[in-house]
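Labels A, B, C and D are assigned to the chains in the order they are written; within every chain, residues are numbered from 1.
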Amino acid sequence: MNISGIIGYPITPFNNDQGVDFDKLRIVIDTLLTAKVDAIAALGSAGEAAYLSQTEWENIASYTVKYVAGRVPVVIGIAELTTEQALKRATYAHSIGADVIMLSPFSYYKLNDDEIYAHYQSVSDATPLPIMIYNNPATCGVDMSPQFMLKMVNNIKNAVMIKESTGDIQRMHKIYKLSNGEVPFFNGCNHMALEALNAGAVGWCTAAPCLIGDQPKQLLAAVKSGNSSKAKELFYQQYDFLEFIVKSGLAAAVKSGFALQGVDVGDPRKPLLPLSVSEQARLKGVLLNLDALC
Amino acid sequence: MNISGIIGYPITPFNNDQGVDFDKLRIVIDTLLTAKVDAIAALGSAGEAAYLSQTEWENIASYTVKYVAGRVPVVIGIAELTTEQALKRATYAHSIGADVIMLSPFSYYKLNDDEIYAHYQSVSDATPLPIMIYNNPATCGVDMSPQFMLKMVNNIKNAVMIKESTGDIQRMHKIYKLSNGEVPFFNGCNHMALEALNAGAVGWCTAAPCLIGDQPKQLLAAVKSGNSSKAKELFYQQYDFLEFIVKSGLAAAVKSGFALQGVDVGDPRKPLLPLSVSEQARLKGVLLNLDALC
Amino acid sequence: MNISGIIGYPITPFNNDQGVDFDKLRIVIDTLLTAKVDAIAALGSAGEAAYLSQTEWENIASYTVKYVAGRVPVVIGIAELTTEQALKRATYAHSIGADVIMLSPFSYYKLNDDEIYAHYQSVSDATPLPIMIYNNPATCGVDMSPQFMLKMVNNIKNAVMIKESTGDIQRMHKIYKLSNGEVPFFNGCNHMALEALNAGAVGWCTAAPCLIGDQPKQLLAAVKSGNSSKAKELFYQQYDFLEFIVKSGLAAAVKSGFALQGVDVGDPRKPLLPLSVSEQARLKGVLLNLDALC
Amino acid sequence: MNISGIIGYPITPFNNDQGVDFDKLRIVIDTLLTAKVDAIAALGSAGEAAYLSQTEWENIASYTVKYVAGRVPVVIGIAELTTEQALKRATYAHSIGADVIMLSPFSYYKLNDDEIYAHYQSVSDATPLPIMIYNNPATCGVDMSPQFMLKMVNNIKNAVMIKESTGDIQRMHKIYKLSNGEVPFFNGCNHMALEALNAGAVGWCTAAPCLIGDQPKQLLAAVKSGNSSKAKELFYQQYDFLEFIVKSGLAAAVKSGFALQGVDVGDPRKPLLPLSVSEQARLKGVLLNLDALC
């Protein structure tokens, strides 16, 4: 399973009783497919995976795989505090026919490299699914160096690709150089997409297509085709939007954006709060600039 | 419910099947009581609370309250990702007769002050138990300023005390100054105990008594009685040990120490790993220096 | 005076008596001109300006202007602790016919924005030379935000361009977006050259042409002409070298490189030490990879 | 030469022509002596040493030694960018009869441990004066670990004591533990004085006595005599003042305080600015609270 391009991240819609709203999830997935994403990654940060019960998590995973039905590959995010839970989720993802696991450590106690390595090894041993190593210290509380992630790619059978979300472009240069450009890596920092793609990222993991259609795909295409002035122009067009959704909280921002577009997907789960009124106004402005509001 | 002094933190013993070993938990609690702790705080960092199932968590909470049986107050730690889960735990803690809730935010998405405030307010509304606001950004992923915590103490009914674990002594000076010395705060950074107590902390939250008996209590007594040269001497005697358990991971270190003292409390839960052989040797050395090994 | 492209930075050669070796400085400047730099910036970090006496500084400035003799513009770096000294240097730079001043704050006490602003204003008032605002907190001890630097560009007459050296690509995005692409900015972080140029930097300030000829110019040309695969290839070819000279100390690294190429330019001035033997070996390796050693 | 206790730091008064005002310097030194300081340290941060010409620096050094005339020891601060300049200053300090050199690295390029070590070794070789190793990364741009500073004390003949100004109390614990309490260290962080002294600091380097008389000395005496409740009380009385002068810039704050007390010592040297009107008002408030204004 080789994936690349735009990996779209659905949010998790909630209904008035704070349950998962699967009708709306269908609309969210449709939105991503219409935006020409190359894969769909359920249960990432945008999907508030950390805030779901195990049952909710499983239902969303299986719904997504079933509804996407092979039109694009489906990635399932796993970020659990215990290895036992991660194994349970990975086994489930495999059982329902998911294509890829996006696995990140998630920490209360800081984890050392031995602990993280063993965690990935266990998941790799438990399922045949390819693993995307996902580094996002801002949410997960631990940082993995390029060297360490490449060591895992080289030694752990199913660990075959990397998603880098620190926002430090040098990490990508290191991955590229140390692997002679052979280990595929994805950009996980929205407002660094231009340089990540220019630096050799094979794709861009983003919830942006939930709100701005195929504009991220156009940016990726411009870079891949060597049209650098077009790429720069598209990137700066999207910049304020991309920075906004990162800085104001991905789930809250995308949910607010759906509401502005007429799709009520509910609020994020507490303690997360929806955008403030002034943040909503700012989001409205950046969406208008991108012709993403009627 | 006023608490002060040494708040002792049990670890969570596991048996060979990775289940909670309540016989050993009894020994751990006895150890703390023998060490003359002034209260017992179940389900903190040392207790690997973040790595337990809800059932395990509830069983440990109720066992602890029952076994302690009023000999000292029992504090129950709550660090949940969702407000709903925190409420469930808080209500349970109250239902079993716990005395105090130690409440910290725990984050995947960074939380802003409004989100944290609403989280504390909800828990305060749900139970009459006094709340210790617990700030530990290294584990919980969000940082609360002294100003913000005091605002919560002033405005949220049951928020009545603070545990500060950043390791920055200036935070304690700020709490003391801004509250005119009237809001009780506890030290949560073991190897800063001397200065915290001199700066006005009413107590010290620590797992150290699990392994070194009443030596922390002696240090506290020396400070409280104004015997500063004795306090300094005791602090530096314990310093290597206190720094070691912080730096090497509290649960792993204390569990390893119990093993060295002949009590098998199992390993921490994966992905956490036990101390390495060289770390165990170092722990053995610092325990020997404190006459804490036969 | 509009400058853009590759701004080449000479090192300051010392002779055996630790005096400035002007014969060697001539060779260094020739090397840069042969490397097709678009301007020469004397007395920057690479030139150890902070370690020179006022007389040495003035002699190097005037020698450089005279020897370059209009073939390319000459930029003079000024990073003084007092405003009085900065004015003296700026006036001197103007008197000898320099084209541009590169001005950075340099701090013992941290400076606030008011202090920095007044410093720039004073220099602008004292000479008609255009000023490149240079932000390099790692050496100068104070950080200027894109917003603040643009405020100076908008309000201080001669402040007309920016050199950004923090290594954070987002700073450049901010400069570009907030100025609608109208304020020229230069890349000052060697191993971020690819993304800086793709992000809209009008040039790259670098000592690299001292050692690897026109390879930086080729990289710049590839980006400017929209040949992004060529740009990526050239960047990764140079990457280890660019990172090395940044990480190991620019002056020491470039001086060591000259020695490897057969030009003895002396050691950096103490307390700066020359590269260690193992660092020299590493530098030899990266230069060989770039065909920069016979 | 053993020094301990309160080391008082004069500011450098300037007259209307921005020259050094020695009449006012005499008043400043008298103020410190009246405040019962145990030594006087000329040309530290408070003295704006980094902003003086060599001639000014030498004149202040010699004036101070002559005027103090052995009533207390005189320490001379040296923080030069080049080793050559540091040697010149050290030799001068010895020639005029100073008692101790307070030596810190000062950096444009970050310095590695080898470079710093050689710098100290050179100064030690050049004069017989005892050296106080001064670590203040916030102003000097490089950080020295306790381990490294103790290595210098153990191996460099005249390096015999340490001044620690990072504000991290753990540094002091490390110095104390690793040297078995045998290497004297001073507190250089005003608003950490209480814990530094409790942790074993032999003294406190401070400009506070310029404005609040012997109150710092009283605090030190309370700690040294084991009167910990008195020490705590005195510390919190002074806390707002101590924090203020650190946070708002030592030289500017102390000069403003002198003006409030009726002694015009001029402004700090540009780019440093005097306190803003609102900062002056705040300073007035904290001085009034300490009965330090008529």
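The rule is simple: contacts are C-beta pairs under 8 Å (C-beta built on N, C-alpha and C of every residue); 3 or more make two chains touch, one makes a residue touch a chain.
These numbers come from a predicted model, not from an experiment.
Chains that touch both chain A and chain B: there are none.
With each centre defined as the average position of its C-alpha atoms, the distance from chain A to chain D rounds to 52 Å. As a whole-number value, the distance joining the C-alpha centres of chain A and chain C reads 39 Å.
Counting only residues that touch two or more partner chains, chain D has none. Contact topology of the protein chains: cyclic, one closed ring where each chain has exactly two touching partners. The chain pairs satisfying the stated touch condition come to A-B, A-C, B-D, C-D.
Of all residues in chain C, only 18, 45, 50-51, 79, 81-84, 105-112, 114-116, 118-119, 122, 138-141, 249-251, 269-273 touch chain D in the complex they form. Chain A contributes residues 167, 169-170, 173, 176-177, 181, 191-192, 194-195, 198-200, 223, 226-229, 231-232, 236, 239-240, 243 to its touches with chain C in the complex.
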